[in-house]
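For reference, the structures are reproduced in the following blocks.
What follows is subunit A paired twice: with subunit B in the first complex and subunit C in the second.
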Partner chain A sequence: MSLNLEQALQTFIAEAYELLEEMETCLLQLENNPADLDAIGAIFRAAHTIKGSAGLFGLEPVVSFTHVVEDVLDRLRAGDIAISRTLIALLLECGDHIHYLVDVVAVRAQQPDAAATEREAGLRQRLQLYRQTSVSEAVSTTPGVSAVRQERGSSFDLWHISVRFGTEVLRNGMDPLAFLRYLNSIGQIVRITTLADSLPELSQMDAESCYLGFEIDYQSDASKAAIADAFEFVRDDCQLHILPPHSKTEHYIELIKNLPEQATLLGELLVASGALTLKELEDGLQQQVDAALKPATPLGEILIEQRFVEPELVQAALEKQNQIQEHKSKESRFVRVQADKLDELISLVGELVIAGAGANLLAKTSQDETLYEATSTVTALVEQIRDGALRLRMVPIGDTFNRFQRVVRDVSHELEKQIELQISGADTELDKTVVEKISDPLMHLLRNAMDHGIESPAARLAAGKSATGVLKLNAYHDSGSIVIEIADDGAGLNTERILQKARERGLVAATAQPSEQEIYNLIFEPGFSTASAITSLSGRGVGMDVVKRNITALRGTVDLSSAAGLGTKVRIRLPLTLAIIDGFLVGVGDASYVVPLDMVQECIELADDSKAAAEPRHYINLRGEVLPLVFLHQHFNTGGGQRRRQNVVVVKNADQKAGLVVDELQGEFQTVIKPLGKLFSNLRSISGSTILGNGKVALILDVPSLIQQLAQQQVQPRLALQTPALRN
Partner chain B sequence: MATMMTTRQQALAPEDAQYLTFTLGGEMFAIGILHIKEILEYGHLTTVPMMPAFIRGVINLRGAVVPVVDLSARFGRPSSEVSRRSCIVIMEVEVDAGVQDVGLLVDAVSAVLEIPASEIEPAPSFGARIRADFISGMAKVNGKFVIVLNVNNVLSVDEMAQLAEAAQ
Partner chain C sequence: MTIRSSMFNEVPLLHIEGEMTIYTAALLQQQLQLYIAQYSELELNLSQVSDIDSAGLQLLMAAKRQAANQGAVLRLTGHSPAVLEVFDLCNMAAFFGDPLIIPDVSHG
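Right, the complex of A and B next:
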């Protein structure tokens, strides 16, 4: 494992940000439910972990400030002080300040500027009110041997830590001493024995390798996990055994067995430290030997048989062990993987899908039954791998949503409005790249809703609504896309005012009478804002057009509905992933096109009679419904004669249906999306390309923009055509 | 005179001394080989609808989709007829964030020549029947002039994208 300091620091930064986010979420939870002890615990742990890790990297400003915060949190956890709104506000500010410190000290390797120092002094002063004393402030920052002065008679009530650092530790930029120093910051090292047994002859020694091990007797109130966390950064690189105070003899015996050094040596060591008596040691070792001869009797049972311990005690110990294991497995449920490694894997899977399709095609043409069967199996598996690989990138949108709690809280304070954010569908998953890019547009929309949508409490009461405005964030999956809704119960959009503004700015001709939907769409135009006063939040007219642009760039759409006095709802529709889609392959002339399968409703043959009828009108009767047709041949101007038999692929986007008239239906196809590049960036109705099994390139139809384009094109000619028709 | 020589040499980048020559509509052109990634035989090409004539289509280059520009059409002449000797020259073109591969459809490639900077004359302001900003110089090869193309202008992705939008 190649772990250098820079990488470890990056991990720390990422973790710190996550922890701060978690801290914030928990604080907001506390605000609603002050009795939530879990939340207090989580906040404390977050601060504690940040402090600890920052200490490892010597990020002094972070450590010293976080230490003060941690102190207060500790008192809060112990119930010495009560949670209050002011305390939560203070802690939120502290969280922001820690975030700033991490930003400055760890990311940019600078010192905090004067303004920050001043702010910190203010925060410290306010925190001081919640702290009992100020004397312990310097303790954590001056680790050293001086702490090891209280000699204990016996280490029976002490933790026992055995650690053997791997040879690579120093090369990976870790200093074993740093860990020991850190231990001193969360407890006290009472006795420490350095084991240099594995140190080779001087001539063979590599000065860059670490050969040392330590046996530590340690006094601390920290949990086992917290102590183990101290060794987080070398966990893969060292052998670590932690025995809690009052551990049973057999645990020590087991420890001795697990360690590479000679049993007697370690035994003596433990005896010397008073954890074991000589007799206990001998008995324990002897029993282990005996037990090894008998078929697998667990140590616990041996001891019960010999009435050394009560069965209940063993039971309790086992339970405890299970709990610790459970905790461990929870910890390891997440693996931090670099994003580019994942991208590489996904693009490789993409290649695999293409190659697999090629092999499948060959097998089909070879007419070898067994070969075809074999490739089909491979294809099915590849499909599963593709889905699995894509799922790796899927994350629930809830994290993004929860981040807005704070925004809503702060903004509503600033605007002196009462706003409650309700979140639903937080576990709806979508591609990580999409999540990252959707966060900013969502923020804009939320701010807009708070600033323009929701009225002041007085106005709300006057309108007969409750003083607290409700902002709803919802997400759900719908036919291959994710839909995100932002709804407020505010005043709704004032169509008159929008129209008036649009006319002032020349966006709409003075005589034109746009429909309601068209008026709503105006607010997505660049430079449009109806707010009479520009606030710090919104009203500058940047925002909505940026929102629309960002969403369009993600192949998504945004629409808006509103009811005067009842509120506004913005609906964003996004594709789930940007990498691979299920496609439906159709042939038009010599070329093949891919229609996203999620949008395909059905395929029907365009019979000759209905074709004759459809030709001049461009729509057919689909079971009583009017289905507008798109003749792709004509639309793309591909040339070449039309086939006699044509098919209609019925596609649906949002609530619009259309029929694509194509020559050939070629079936489903796993489509690895290849971007077409900048040259084609302005090309509407084609969203990308893909490579078919035979190596040819096929283009992917952008159904929504195709339909939109046709609708726009036809507005003008139809008006021109209808006038003479009316005359007839 | 001496200073003029050095400035011109710098402008033409002395390491760019090797050129690929090719024919297009019976005329010979040259491009610096540093821009060239590889030369392919003309193979299957997918037409992209609603694009101007000079964007011939896209090809599959070992898993990447690469646009192919019809050089003749780009010069405002009729589109190239595909023959047995037609080739696609894959070039690296600078775009705002890095480089992009673009294929160039030519009638036939001829040779890689070493042309010293002293043999390259500045472009005439008119008379070459192609846009002046497409020409980086006129090289003398065996007593005849060969037009050395300015690849970044000929294959300017920004400009071509704009033209493509206007064509829709």
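Right, the complex of A and C next:
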């Protein structure tokens, strides 16, 4: 197929996924608040739009299934059927199935497999229940319909659709035939006449203009709005008249008058289709002529005519307007950009930052004041561009959080627990790549919390808590990183049991007495699970270590706190972005290192006297606080002589402070992170490298891991020497 | 789309291969015009048409009408499944009046 269509299809797929997500969110809302009419409307619109667009692409399986779903939704919206838990569950399953169909039919261009067909048959059967009850209700409550039918005394109960496509339709990428095929999918075209009266001579015609029109007799249970919406995409570009079954004769006559073709031709068509009798046609046309002769208030007549218009039509028109407005305001606020284009931009900005730093350095050494000033301005602008470009990639984490509502609902049903998910900080933004990669670990942690953390309602009541367990998801920004918290109010971790398990598996020496925090961290060890029973959700002992590995791969950390009987809280700390950071450049011997600026608290001079005292102890007194030190010179074994005057960079990570002893403070530096190769994957204390303006390579310090090493080093000598004095 | 032409008993036979859609309509229009202007009899073989849309359909309609106006004969033959589907959808078989060979559809 053509490239254009392929692109349009991609847009359809992306849109369908979004709509399905919205549908799911609304369904869950509806579960909590069954009277939410907005939610019902949104669900209906989602299904409707998916069906309409799928029809344009000829995705038959999607259209036919979604049509059934839409039908039920339509009835729900009209109040014919009531919302219930089972219906919501069914609709959620239907949403999943549509998702699957879009996946298979649109993305992979395959047909659904046997299992899916079976599933669909089951769903259709269950949906049918809701369709049938409403049909019988509708018939019994509207006696007027049958009366009209008898009055007319004809077997005619077909819709009549007159459509003349505008000349631009083909050029706009629409094919009138696609609309006919779509009509056939939600009903049946009983009779069709193709009109080519406006078709010019072969030599005169423009092959790319559309000259076609159709008169269609159509059988369908669909509402007028649904039929009209079939032509949604060409609404502005075609003449469309839809007459419901049993329309008044005047309406047909009116139609004939409004169409460009000769009245007799159309009249014959309508007579042929049984909509009008010959006599009615003649009378009607005569009336029109009479009316034309008298100049009496044609406008008023038209207005009166309008009152005859089916209420559905008015509703359809209003809805249409609303939709267009909604759509327009959305369109003006968002531009869809492909992710790789954005990535390209970011990497270019990265190069720009490096090149800018080079120019800046040259300007500095040239001692040319004006040149230096100019490059400084450029640098400031580059910084803004960098921030702006990175912000483009930032997305709120709320979408990911909301997806978990469904997971919590399903899992709590499965486990027969009552669990409520509370979300806060949904607006917190972070890098799109991080969002994508954090979703799986989060899911795992949530499942773990639901399975192991929150107790059964009976156990909760026995413990004096409310039967409904609360699961909290929270996100917030904290010194250059984002923190995501998953907290439950369950039983908390059983340290005894963890320690016992760990000893059994040889993870901890039998005599060691690890601290509480260390015991908690054991559950992130590979192959560790305390659950005595393995469920389908968790307890297989795979998971927590994978969670930790995934988070570490994002340069993040995870820690856990717990209180017996009150719950557990897992805190994930992630860097905001993966590409560029503000760094603080320090010199140690011949080498340069970058410390992430967000972590730098202050810089102090290490005076000679305090230095002499600090060196053997590895800590200094910082305004009454003990500040552990890392002598980077020794730590990295850097070459080059040690300067006499040294400085301490105070860094902070997750409430822990440390001092890095360096030779030289070189100032702020925009750092484009270049990941280290696989070869260095086991290297601790270093998280990446960057290129300086002068072309040299500087290593980026992994502050969290440095602080962690420091903590371990301090514990060991303490235990070895058994000096209780240090504790005070 | 490619158009292969040959002469058979002094009647030109045009084989249309590929898609008769908006993308190829202009080219096809030009060719049809040329042939209809020159010959009083013309055969269009549609057996290799893979895809036909409204643009292709209305072009065939215009060509047929043009031929009739000039007293020429334009015959459509060997309708491919794609063409048959569209003729059926739009109920156009009677307009063209050419014999159609309905493919053997087994109802089982």
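The working rule: the second predicted complex is superposed on the first by the 513 of 728 C-alpha atoms of A that agree within 3 Å, B and C clash if a C-alpha of one lies under 4 Å from a C-alpha of the other, contacts with A are read in each partner's own complex, and residues count from 1 in each chain.
Following the convention adopted for this analysis, contacts are C-beta pairs under 8 Å (C-beta built on N, C-alpha and C of every residue); 3 or more make two chains touch, one makes a residue touch a chain.
Note that this is a predicted model, so its numbers are computed, not measured.
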| item | value |
| --- | --- |
| First, second, both or neither for A:L679, with subunit B first and subunit C second | first |
| First (subunit B), second (subunit C), both or neither touched by A:T193 | second |
| Partner chain in contact with A:S203 - subunit B first, subunit C second, else both or neither | second |
| Partner chain in contact with A:A357 - subunit B first, subunit C second, else both or neither | neither |
| Which of subunit B and subunit C A:L442 touches, first, second, both or neither | neither |
| Contacts of A:L180 with subunit B and subunit C, given as first, second, both or neither | second |
| Subunit B versus subunit C as contact partner of A:A389, first or second or both or neither | neither |
| For the subunit C and subunit A complex, residues of the former touching the latter | 22-23, 25-26, 28-29, 32-33, 36, 53-55, 57-59, 61-63, 65-66, 69, 86, 89-92, 95 |
| Residues of subunit A that touch subunit C when the two form their complex | 2, 165, 169-171, 175-177, 180-181, 184, 189, 191-194, 196, 199-203, 205, 207-208, 210-212, 214 |
| Interfacial residue positions of subunit A with respect to subunit B in the complex | 351, 354, 591, 635-638, 674-686, 689, 691, 695-699 |
| Residue ranges of subunit B touching subunit A (in the complex, touch as defined) | 44, 46-51, 55, 57-60, 63-65, 67, 95, 100, 102, 157-158, 160-162, 164-165, 168 |
